[in-house]
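What follows is a set of structures to go through.
Look for chain A in each of the two complexes below; its partner is chain B in the first and chain C in the second.
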Partner chain A sequence: MTTLHTVNKSPFSSSALDNCLGLAKNGSTVLLLEDGVYAATAGTKSAEAIANADGVSFAILGPDAQARGIEGKLADGIKVVDYDGFVDLVAEHDKVHAWL
Partner chain B sequence: MAKKFMYMNTKAPYGTIYALESLEVVLIGAAFEQDVSLAFIDDGVYQLTKGQNTDGIGMKNFSPTYSALGDYDVNKIYVEKESLEERGLTLDDLQHLTWEDEDEDWAEKDSIKLVSRAELADILDDQDVVLSF
Partner chain C sequence: MKLSIQINEGPYQHQAADSAYQFAKAALAKGHEIFRVFFYHDGVNNATRLAVPPQDDRNITQQWTDLQKEHDLDLVVCIAAAQRRGLMDEDEAKRQGKDANNIAEGFRISGLGQLIEAGIESDHLVTFGA
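Our next item is the complex of A and B:
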(Lines of atoms letter the chains of each structure in order from A and count residues from 1; the text may use other names and numbers.)
(Lines give C-alpha, C1' and ligand atoms only; values in the text may rest on other atoms or scores of the structure.)
Protein backbone atom coordinates (compact mmCIF):
# COMPACT_ATOMS: atom_id res chain seq x y z
CA MET A 1 0.00 0.00 0.00
CA THR A 2 1.48 3.32 -1.02
CA THR A 3 0.49 6.42 0.90
CA LEU A 4 0.46 10.10 0.05
CA HIS A 5 0.96 12.07 3.25
CA THR A 6 -0.12 15.70 3.25
CA VAL A 7 1.19 18.17 5.85
CA ASN A 8 -0.38 21.65 5.97
CA LYS A 9 1.04 23.04 9.23
CA SER A 10 4.26 24.99 9.83
CA PRO A 11 6.93 22.75 11.39
CA PHE A 12 7.60 25.50 13.93
CA SER A 13 4.06 25.62 15.30
CA SER A 14 2.93 22.01 15.04
CA SER A 15 4.37 18.51 15.38
CA ALA A 16 2.48 17.30 12.28
CA LEU A 17 5.59 16.95 10.11
CA ASP A 18 7.59 15.22 12.87
CA ASN A 19 4.73 12.77 13.43
CA CYS A 20 4.43 12.18 9.69
CA LEU A 21 8.17 11.59 9.17
CA GLY A 22 8.20 9.22 12.13
CA LEU A 23 5.54 7.00 10.61
CA ALA A 24 5.99 7.35 6.83
CA LYS A 25 7.18 4.08 5.23
CA ASN A 26 9.63 3.64 2.36
CA GLY A 27 7.96 4.31 -0.98
CA SER A 28 5.53 6.85 0.37
CA THR A 29 5.34 10.51 -0.62
CA VAL A 30 4.97 13.56 1.59
CA LEU A 31 3.29 16.59 0.00
CA LEU A 32 3.85 19.89 1.80
CA LEU A 33 1.07 22.42 1.30
CA GLU A 34 -0.39 25.58 2.88
CA ASP A 35 1.78 26.51 5.92
CA GLY A 36 3.50 23.13 5.57
CA VAL A 37 5.61 24.58 2.74
CA TYR A 38 7.79 26.45 5.23
CA ALA A 39 9.33 23.08 6.17
CA ALA A 40 11.17 23.02 2.85
CA THR A 41 13.04 26.31 3.46
CA ALA A 42 16.79 25.80 3.11
CA GLY A 43 18.79 26.12 6.32
CA THR A 44 16.07 24.92 8.68
CA LYS A 45 15.95 21.85 10.94
CA SER A 46 12.89 20.60 9.06
CA ALA A 47 14.70 20.79 5.70
CA GLU A 48 17.48 18.72 7.27
CA ALA A 49 14.97 16.15 8.52
CA ILE A 50 13.51 15.97 5.00
CA ALA A 51 16.98 15.47 3.47
CA ASN A 52 17.65 12.64 5.94
CA ALA A 53 14.37 10.81 5.31
CA ASP A 54 15.67 8.06 3.02
CA GLY A 55 13.16 6.16 0.93
CA VAL A 56 10.46 8.83 1.21
CA SER A 57 9.75 11.24 -1.66
CA PHE A 58 8.85 14.86 -1.07
CA ALA A 59 6.78 17.31 -3.06
CA ILE A 60 5.66 20.85 -2.38
CA LEU A 61 2.63 22.71 -3.71
CA GLY A 62 4.08 25.56 -5.80
CA PRO A 63 1.19 28.05 -5.50
CA ASP A 64 1.41 27.89 -1.69
CA ALA A 65 5.18 28.49 -1.76
CA GLN A 66 4.74 31.43 -4.15
CA ALA A 67 2.00 32.96 -2.00
CA ARG A 68 4.37 32.94 0.96
CA GLY A 69 7.35 34.36 -0.95
CA ILE A 70 9.62 31.36 -0.29
CA GLU A 71 9.82 29.63 -3.69
CA GLY A 72 13.34 31.03 -4.15
CA LYS A 73 14.54 29.61 -0.83
CA LEU A 74 13.55 25.95 -1.12
CA ALA A 75 16.03 23.20 -0.26
CA ASP A 76 17.32 21.10 -3.17
CA GLY A 77 15.70 17.82 -4.14
CA ILE A 78 12.10 18.72 -3.42
CA LYS A 79 9.76 18.43 -6.38
CA VAL A 80 7.45 21.40 -6.93
CA VAL A 81 3.95 20.50 -8.17
CA ASP A 82 0.87 22.52 -9.17
CA TYR A 83 -2.75 21.57 -8.45
CA ASP A 84 -2.81 19.14 -11.40
CA GLY A 85 0.33 17.53 -9.99
CA PHE A 86 -1.42 17.25 -6.61
CA VAL A 87 -4.27 15.34 -8.30
CA ASP A 88 -1.74 13.07 -10.04
CA LEU A 89 -0.07 12.29 -6.71
CA VAL A 90 -3.44 11.37 -5.17
CA ALA A 91 -4.19 9.09 -8.15
CA GLU A 92 -0.75 7.44 -8.05
CA HIS A 93 -1.02 6.39 -4.38
CA ASP A 94 -3.40 3.90 -2.79
CA LYS A 95 -4.53 6.31 -0.09
CA VAL A 96 -4.07 9.80 1.30
CA HIS A 97 -3.19 10.46 4.90
CA ALA A 98 -3.89 14.12 5.73
CA TRP A 99 -1.89 14.94 8.87
CA LEU A 100 -3.20 17.55 11.33
CA MET B 1 -2.77 60.54 27.16
CA ALA B 2 -1.64 58.14 24.48
CA LYS B 3 -1.02 54.61 25.66
CA LYS B 4 1.69 52.33 24.39
CA PHE B 5 0.09 49.53 22.38
CA MET B 6 2.06 46.48 21.29
CA TYR B 7 0.69 44.09 18.69
CA MET B 8 2.44 40.72 18.83
CA ASN B 9 2.31 38.81 15.54
CA THR B 10 3.05 35.13 15.97
CA LYS B 11 1.36 33.32 13.05
CA ALA B 12 2.22 32.82 9.37
CA PRO B 13 -0.02 34.56 6.81
CA TYR B 14 -2.72 32.76 4.72
CA GLY B 15 -2.79 29.48 6.71
CA THR B 16 -4.87 31.16 9.43
CA ILE B 17 -6.71 34.50 9.59
CA TYR B 18 -4.66 35.91 12.51
CA ALA B 19 -2.14 37.87 10.42
CA LEU B 20 -4.77 39.70 8.39
CA GLU B 21 -6.93 40.39 11.46
CA SER B 22 -3.94 41.85 13.30
CA LEU B 23 -3.20 44.17 10.40
CA GLU B 24 -6.82 45.38 10.39
CA VAL B 25 -6.74 46.09 14.13
CA VAL B 26 -3.38 47.86 13.88
CA LEU B 27 -4.70 50.21 11.20
CA ILE B 28 -7.83 50.94 13.26
CA GLY B 29 -5.73 51.55 16.39
CA ALA B 30 -3.40 53.87 14.50
CA ALA B 31 -6.38 56.07 13.60
CA PHE B 32 -6.87 56.74 17.34
CA GLU B 33 -3.37 58.22 17.60
CA GLN B 34 -2.02 55.78 20.14
CA ASP B 35 1.68 54.94 20.45
CA VAL B 36 1.71 51.76 18.36
CA SER B 37 4.45 49.14 18.09
CA LEU B 38 4.44 45.83 16.23
CA ALA B 39 6.51 42.77 17.00
CA PHE B 40 6.99 39.74 14.77
CA ILE B 41 8.07 36.54 16.47
CA ASP B 42 7.89 32.80 15.73
CA ASP B 43 6.01 32.15 12.46
CA GLY B 44 4.89 35.79 12.54
CA VAL B 45 8.16 36.74 10.82
CA TYR B 46 6.81 35.03 7.68
CA GLN B 47 4.21 37.81 7.36
CA LEU B 48 6.95 40.19 6.21
CA THR B 49 8.66 38.08 3.52
CA LYS B 50 9.02 39.93 0.25
CA GLY B 51 7.85 38.60 -3.13
CA GLN B 52 4.56 37.11 -1.90
CA ASN B 53 2.34 36.22 -4.87
CA THR B 54 -1.08 34.75 -4.09
CA ASP B 55 -2.35 34.50 -7.69
CA GLY B 56 -2.26 30.70 -7.47
CA ILE B 57 -4.21 30.26 -4.22
CA GLY B 58 -7.18 32.57 -4.74
CA MET B 59 -6.53 34.68 -1.63
CA LYS B 60 -5.84 38.40 -1.30
CA ASN B 61 -2.15 39.26 -1.02
CA PHE B 62 -2.21 41.66 1.92
CA SER B 63 1.58 41.94 2.26
CA PRO B 64 1.77 45.31 0.38
CA THR B 65 -0.31 46.83 3.22
CA TYR B 66 2.67 46.61 5.61
CA SER B 67 4.45 49.26 3.53
CA ALA B 68 1.57 51.68 4.26
CA LEU B 69 2.07 51.48 8.04
CA GLY B 70 4.67 54.27 7.95
CA ASP B 71 2.02 56.68 6.63
CA TYR B 72 -0.06 55.94 9.75
CA ASP B 73 2.87 56.78 12.05
CA VAL B 74 3.39 53.09 12.79
CA ASN B 75 7.16 52.97 12.56
CA LYS B 76 8.30 50.80 15.45
CA ILE B 77 8.36 47.34 13.94
CA TYR B 78 10.42 44.81 15.86
CA VAL B 79 11.52 41.51 14.33
CA GLU B 80 12.97 38.91 16.69
CA LYS B 81 16.39 37.81 15.51
CA GLU B 82 16.19 34.28 16.92
CA SER B 83 12.88 33.57 15.14
CA LEU B 84 14.27 34.80 11.83
CA GLU B 85 17.48 32.74 12.08
CA GLU B 86 15.66 29.55 13.08
CA ARG B 87 13.69 29.84 9.83
CA GLY B 88 16.74 30.27 7.60
CA LEU B 89 15.85 33.91 6.91
CA THR B 90 17.70 37.24 7.13
CA LEU B 91 16.51 40.85 7.02
CA ASP B 92 17.20 40.77 3.24
CA ASP B 93 14.35 38.26 2.85
CA LEU B 94 11.89 40.74 4.38
CA GLN B 95 10.23 43.80 2.89
CA HIS B 96 12.11 47.06 3.34
CA LEU B 97 9.64 49.12 5.39
CA THR B 98 10.26 52.83 5.86
CA TRP B 99 8.67 55.97 7.30
CA GLU B 100 9.29 59.69 6.80
CA ASP B 101 10.39 61.71 9.84
CA GLU B 102 8.47 64.99 9.96
CA ASP B 103 10.97 66.44 12.47
CA GLU B 104 13.95 65.84 10.16
CA ASP B 105 12.62 67.28 6.90
CA TRP B 106 10.80 64.05 6.05
CA ALA B 107 13.98 62.00 6.01
CA GLU B 108 13.24 58.37 5.09
CA LYS B 109 14.05 55.96 7.90
CA ASP B 110 13.84 52.21 8.41
CA SER B 111 10.81 50.99 10.35
CA ILE B 112 12.07 47.47 11.03
CA LYS B 113 14.42 46.92 13.94
CA LEU B 114 16.03 43.53 14.41
CA VAL B 115 16.03 42.77 18.15
CA SER B 116 17.14 39.87 20.31
CA ARG B 117 14.67 37.97 22.49
CA ALA B 118 16.11 39.72 25.57
CA GLU B 119 15.74 43.16 23.98
CA LEU B 120 12.16 42.36 22.97
CA ALA B 121 11.40 41.33 26.57
CA ASP B 122 12.44 44.81 27.73
CA ILE B 123 10.35 46.47 25.01
CA LEU B 124 7.31 44.40 26.03
CA ASP B 125 7.86 45.28 29.68
CA ASP B 126 7.52 48.96 28.75
CA GLN B 127 4.06 48.63 27.10
CA ASP B 128 0.67 49.63 28.57
CA VAL B 129 -1.32 47.20 26.43
CA VAL B 130 -0.19 44.03 24.64
CA LEU B 131 -2.41 42.29 22.08
CA SER B 132 -1.34 38.93 20.67
CA PHE B 133 -2.31 37.54 17.29
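Our next item is the complex of A and C:
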Protein backbone atom coordinates (compact mmCIF):
# COMPACT_ATOMS: atom_id res chain seq x y z
CA MET A 1 0.00 0.00 0.00
CA THR A 2 1.37 3.42 -0.92
CA THR A 3 0.65 6.61 0.96
CA LEU A 4 0.85 10.26 -0.03
CA HIS A 5 1.86 12.29 3.02
CA THR A 6 1.11 16.01 2.96
CA VAL A 7 3.12 18.36 5.19
CA ASN A 8 1.95 22.00 5.38
CA LYS A 9 4.03 23.26 8.32
CA SER A 10 7.51 24.77 8.31
CA PRO A 11 10.11 22.40 9.85
CA PHE A 12 11.34 25.46 11.79
CA SER A 13 8.06 25.77 13.71
CA SER A 14 6.60 22.28 13.83
CA SER A 15 7.68 18.65 14.15
CA ALA A 16 5.20 17.56 11.45
CA LEU A 17 7.88 16.65 8.90
CA ASP A 18 10.00 14.79 11.48
CA ASN A 19 6.96 12.82 12.61
CA CYS A 20 6.07 12.08 9.00
CA LEU A 21 9.58 10.90 8.06
CA GLY A 22 9.65 8.69 11.13
CA LEU A 23 6.67 6.72 9.84
CA ALA A 24 6.80 7.06 6.03
CA LYS A 25 7.34 3.66 4.44
CA ASN A 26 9.24 2.67 1.31
CA GLY A 27 7.32 3.62 -1.81
CA SER A 28 5.47 6.51 -0.22
CA THR A 29 5.64 10.15 -1.27
CA VAL A 30 5.83 13.28 0.85
CA LEU A 31 4.26 16.41 -0.66
CA LEU A 32 5.43 19.69 0.86
CA LEU A 33 2.91 22.53 0.57
CA GLU A 34 2.14 25.90 2.19
CA ASP A 35 4.86 26.65 4.80
CA GLY A 36 5.96 23.02 4.49
CA VAL A 37 7.90 24.02 1.36
CA TYR A 38 10.61 25.62 3.53
CA ALA A 39 11.78 22.09 4.37
CA ALA A 40 13.13 21.77 0.83
CA THR A 41 15.47 24.79 1.09
CA ALA A 42 19.01 23.64 0.23
CA GLY A 43 21.49 23.66 3.10
CA THR A 44 18.95 23.19 5.90
CA LYS A 45 18.75 20.30 8.37
CA SER A 46 15.37 19.32 6.95
CA ALA A 47 16.81 19.15 3.40
CA GLU A 48 19.46 16.80 4.81
CA ALA A 49 16.76 14.65 6.42
CA ILE A 50 14.96 14.55 3.06
CA ALA A 51 18.16 13.49 1.27
CA ASN A 52 18.66 10.71 3.82
CA ALA A 53 15.10 9.34 3.63
CA ASP A 54 15.76 6.28 1.46
CA GLY A 55 12.84 4.79 -0.43
CA VAL A 56 10.61 7.86 0.04
CA SER A 57 9.94 10.29 -2.84
CA PHE A 58 9.52 14.03 -2.33
CA ALA A 59 7.41 16.57 -4.17
CA ILE A 60 6.86 20.26 -3.55
CA LEU A 61 3.92 22.47 -4.56
CA GLY A 62 5.51 24.93 -7.01
CA PRO A 63 3.10 27.86 -6.50
CA ASP A 64 3.76 27.77 -2.74
CA ALA A 65 7.55 27.65 -3.23
CA GLN A 66 7.26 30.56 -5.67
CA ALA A 67 5.12 32.59 -3.28
CA ARG A 68 7.90 32.25 -0.70
CA GLY A 69 10.75 33.03 -3.08
CA ILE A 70 12.54 29.70 -2.63
CA GLU A 71 11.96 28.08 -6.02
CA GLY A 72 15.62 28.77 -6.96
CA LYS A 73 16.98 27.42 -3.69
CA LEU A 74 15.51 23.91 -3.62
CA ALA A 75 17.58 20.88 -2.65
CA ASP A 76 18.19 18.30 -5.40
CA GLY A 77 15.88 15.37 -6.04
CA ILE A 78 12.61 17.09 -5.17
CA LYS A 79 9.94 17.05 -7.83
CA VAL A 80 8.10 20.35 -8.35
CA VAL A 81 4.38 19.95 -9.06
CA ASP A 82 1.44 22.32 -9.59
CA TYR A 83 -2.13 21.69 -8.35
CA ASP A 84 -2.69 19.36 -11.32
CA GLY A 85 0.34 17.37 -10.19
CA PHE A 86 -1.05 17.38 -6.62
CA VAL A 87 -4.27 15.80 -7.91
CA ASP A 88 -2.26 13.20 -9.88
CA LEU A 89 -0.22 12.32 -6.77
CA VAL A 90 -3.46 11.72 -4.85
CA ALA A 91 -4.73 9.47 -7.65
CA GLU A 92 -1.45 7.51 -7.83
CA HIS A 93 -1.38 6.57 -4.13
CA ASP A 94 -3.69 4.28 -2.18
CA LYS A 95 -4.09 6.63 0.80
CA VAL A 96 -3.56 10.29 1.61
CA HIS A 97 -2.46 11.36 5.07
CA ALA A 98 -2.24 15.00 6.17
CA TRP A 99 0.31 15.77 8.90
CA LEU A 100 -1.44 18.85 10.31
CA MET B 1 -11.50 9.02 -9.13
CA LYS B 2 -14.03 10.00 -6.51
CA LEU B 3 -12.69 12.54 -4.00
CA SER B 4 -13.83 14.18 -0.82
CA ILE B 5 -12.21 17.16 0.84
CA GLN B 6 -12.08 18.11 4.51
CA ILE B 7 -11.29 21.71 5.50
CA ASN B 8 -10.31 22.44 9.11
CA GLU B 9 -9.16 26.05 8.82
CA GLY B 10 -11.08 29.31 8.47
CA PRO B 11 -10.76 31.74 5.57
CA TYR B 12 -7.90 34.29 5.60
CA GLN B 13 -6.40 32.49 8.60
CA HIS B 14 -3.39 30.94 6.94
CA GLN B 15 -3.58 29.16 3.60
CA ALA B 16 -5.50 25.90 3.94
CA ALA B 17 -8.84 27.33 2.78
CA ASP B 18 -7.17 28.59 -0.41
CA SER B 19 -5.17 25.38 -0.94
CA ALA B 20 -8.35 23.31 -0.67
CA TYR B 21 -10.15 25.49 -3.22
CA GLN B 22 -7.26 25.36 -5.72
CA PHE B 23 -7.04 21.59 -5.26
CA ALA B 24 -10.79 21.16 -5.79
CA LYS B 25 -10.72 23.31 -8.93
CA ALA B 26 -7.78 21.36 -10.38
CA ALA B 27 -9.43 18.00 -9.61
CA LEU B 28 -12.72 19.04 -11.27
CA ALA B 29 -10.85 20.40 -14.31
CA LYS B 30 -9.16 17.01 -14.70
CA GLY B 31 -12.55 15.30 -14.73
CA HIS B 32 -12.50 13.81 -11.24
CA GLU B 33 -15.67 13.68 -9.14
CA ILE B 34 -15.91 15.48 -5.80
CA PHE B 35 -18.37 13.55 -3.66
CA ARG B 36 -18.39 16.05 -0.80
CA VAL B 37 -16.53 18.98 0.79
CA PHE B 38 -16.78 18.87 4.57
CA PHE B 39 -16.12 22.02 6.62
CA TYR B 40 -15.00 21.15 10.14
CA HIS B 41 -13.57 23.00 13.18
CA ASP B 42 -12.72 26.64 12.24
CA GLY B 43 -13.32 25.60 8.62
CA VAL B 44 -17.04 26.26 9.16
CA ASN B 45 -16.25 29.99 9.01
CA ASN B 46 -15.76 29.58 5.25
CA ALA B 47 -19.55 29.32 5.00
CA THR B 48 -20.64 32.73 6.30
CA ARG B 49 -22.40 34.94 3.79
CA LEU B 50 -21.83 38.06 5.90
CA ALA B 51 -18.10 38.40 5.22
CA VAL B 52 -17.17 41.42 3.09
CA PRO B 53 -13.50 41.12 2.07
CA PRO B 54 -11.90 44.09 0.24
CA GLN B 55 -12.87 44.26 -3.44
CA ASP B 56 -9.33 43.62 -4.65
CA ASP B 57 -9.04 40.46 -2.52
CA ARG B 58 -10.50 37.03 -3.27
CA ASN B 59 -13.85 36.23 -1.67
CA ILE B 60 -13.30 32.68 -0.45
CA THR B 61 -16.95 32.00 0.44
CA GLN B 62 -18.13 33.31 -2.94
CA GLN B 63 -15.53 31.12 -4.70
CA TRP B 64 -17.06 28.03 -3.07
CA THR B 65 -20.61 29.17 -3.84
CA ASP B 66 -19.67 29.67 -7.51
CA LEU B 67 -17.87 26.31 -7.74
CA GLN B 68 -20.87 24.65 -6.08
CA LYS B 69 -23.23 26.09 -8.68
CA GLU B 70 -21.00 25.12 -11.58
CA HIS B 71 -20.40 21.52 -10.47
CA ASP B 72 -23.37 20.84 -8.15
CA LEU B 73 -20.98 20.21 -5.22
CA ASP B 74 -22.16 19.00 -1.83
CA LEU B 75 -20.74 21.57 0.63
CA VAL B 76 -21.44 20.36 4.17
CA VAL B 77 -20.84 22.37 7.34
CA CYS B 78 -20.42 20.43 10.60
CA ILE B 79 -23.37 21.35 12.83
CA ALA B 80 -21.57 21.05 16.20
CA ALA B 81 -18.63 23.17 15.00
CA ALA B 82 -21.08 25.66 13.43
CA GLN B 83 -23.18 26.04 16.60
CA ARG B 84 -20.09 26.85 18.65
CA ARG B 85 -19.02 29.53 16.16
CA GLY B 86 -22.36 31.21 15.45
CA LEU B 87 -22.95 29.78 11.97
CA MET B 88 -26.57 28.84 11.30
CA ASP B 89 -29.13 28.37 8.59
CA GLU B 90 -32.74 29.48 8.76
CA ASP B 91 -34.08 26.30 10.40
CA GLU B 92 -31.34 26.23 13.00
CA ALA B 93 -31.85 29.95 13.82
CA LYS B 94 -35.55 29.26 14.38
CA ARG B 95 -34.81 26.23 16.53
CA GLN B 96 -32.32 28.16 18.69
CA GLY B 97 -34.50 31.27 18.91
CA LYS B 98 -31.95 33.46 17.10
CA ASP B 99 -32.93 36.54 15.09
CA ALA B 100 -30.73 35.89 12.03
CA ASN B 101 -28.95 33.28 9.97
CA ASN B 102 -25.75 33.52 7.97
CA ILE B 103 -25.09 30.43 5.87
CA ALA B 104 -24.04 31.29 2.33
CA GLU B 105 -25.79 29.96 -0.74
CA GLY B 106 -24.68 26.48 -1.76
CA PHE B 107 -23.70 25.28 1.75
CA ARG B 108 -25.79 23.03 3.98
CA ILE B 109 -25.49 22.16 7.66
CA SER B 110 -25.31 18.54 8.72
CA GLY B 111 -23.53 16.15 11.06
CA LEU B 112 -20.30 14.18 11.34
CA GLY B 113 -21.97 11.17 9.77
CA GLN B 114 -21.59 13.01 6.48
CA LEU B 115 -17.81 13.03 6.96
CA ILE B 116 -17.74 9.31 7.74
CA GLU B 117 -19.87 8.60 4.67
CA ALA B 118 -17.54 10.74 2.54
CA GLY B 119 -14.59 8.66 3.77
CA ILE B 120 -16.38 5.43 2.92
CA GLU B 121 -17.81 6.47 -0.45
CA SER B 122 -14.71 8.23 -1.84
CA ASP B 123 -11.47 6.78 -3.19
CA HIS B 124 -9.61 9.49 -1.32
CA LEU B 125 -10.37 11.94 1.48
CA VAL B 126 -7.90 14.84 1.32
CA THR B 127 -7.60 17.00 4.43
CA PHE B 128 -6.53 20.63 4.50
CA GLY B 129 -6.05 22.25 7.84
CA ALA B 130 -4.46 24.42 10.41
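A few points about this structure:
In this section, the second predicted complex is superposed on the first by the 100 of 100 C-alpha atoms of A that agree within 3 Å, B and C clash if a C-alpha of one lies under 4 Å from a C-alpha of the other, contacts with A are read in each partner's own complex, and residues count from 1 in each chain.
Note that a residue touches a chain if its C-beta (ideal position, glycine included) is under 8 Å from a C-beta of that chain, and two chains touch if they have at least 3 such contacts.
As the structure is a prediction and not an experimental result, all values here were calculated from the model.
Of the two partner chains placed by the overlay, only chain B lies in contact with A:10; chain C stays clear of it. In the superposed model, A:41 makes contact with chain B only, not with chain C.
Ranked by how many residues of chain A each touches, chain B and chain C are led by B. After overlaying the two complexes on the shared chain, residue contacts for A:96 are found with chain C alone; chain B is out of touch. Chain A residues 8, 34-35, 63-64, 82 lie at the interface with chain B in one structure and with chain C in the other. Looking at the complex, you find that chain B touches chain A at residues 11-16, 42-43, 46, 49-57, 59, 61, 63, 86-89, 93. Within the complex formed with chain C, the chain A residues making contact are 6, 8, 33-35, 63-64, 82-84, 86-88, 90-91, 95-96, 98, 100. Of all residues in chain A, only 8-10, 12-13, 34-35, 38, 41-45, 47, 62-64, 66-70, 72-73, 82 touch chain B in the complex they form.
Those residues of chain C that touch chain A in the complex are listed here as 1, 3, 8, 14-16, 19, 22-23, 25-27, 29-30, 32, 124-130.
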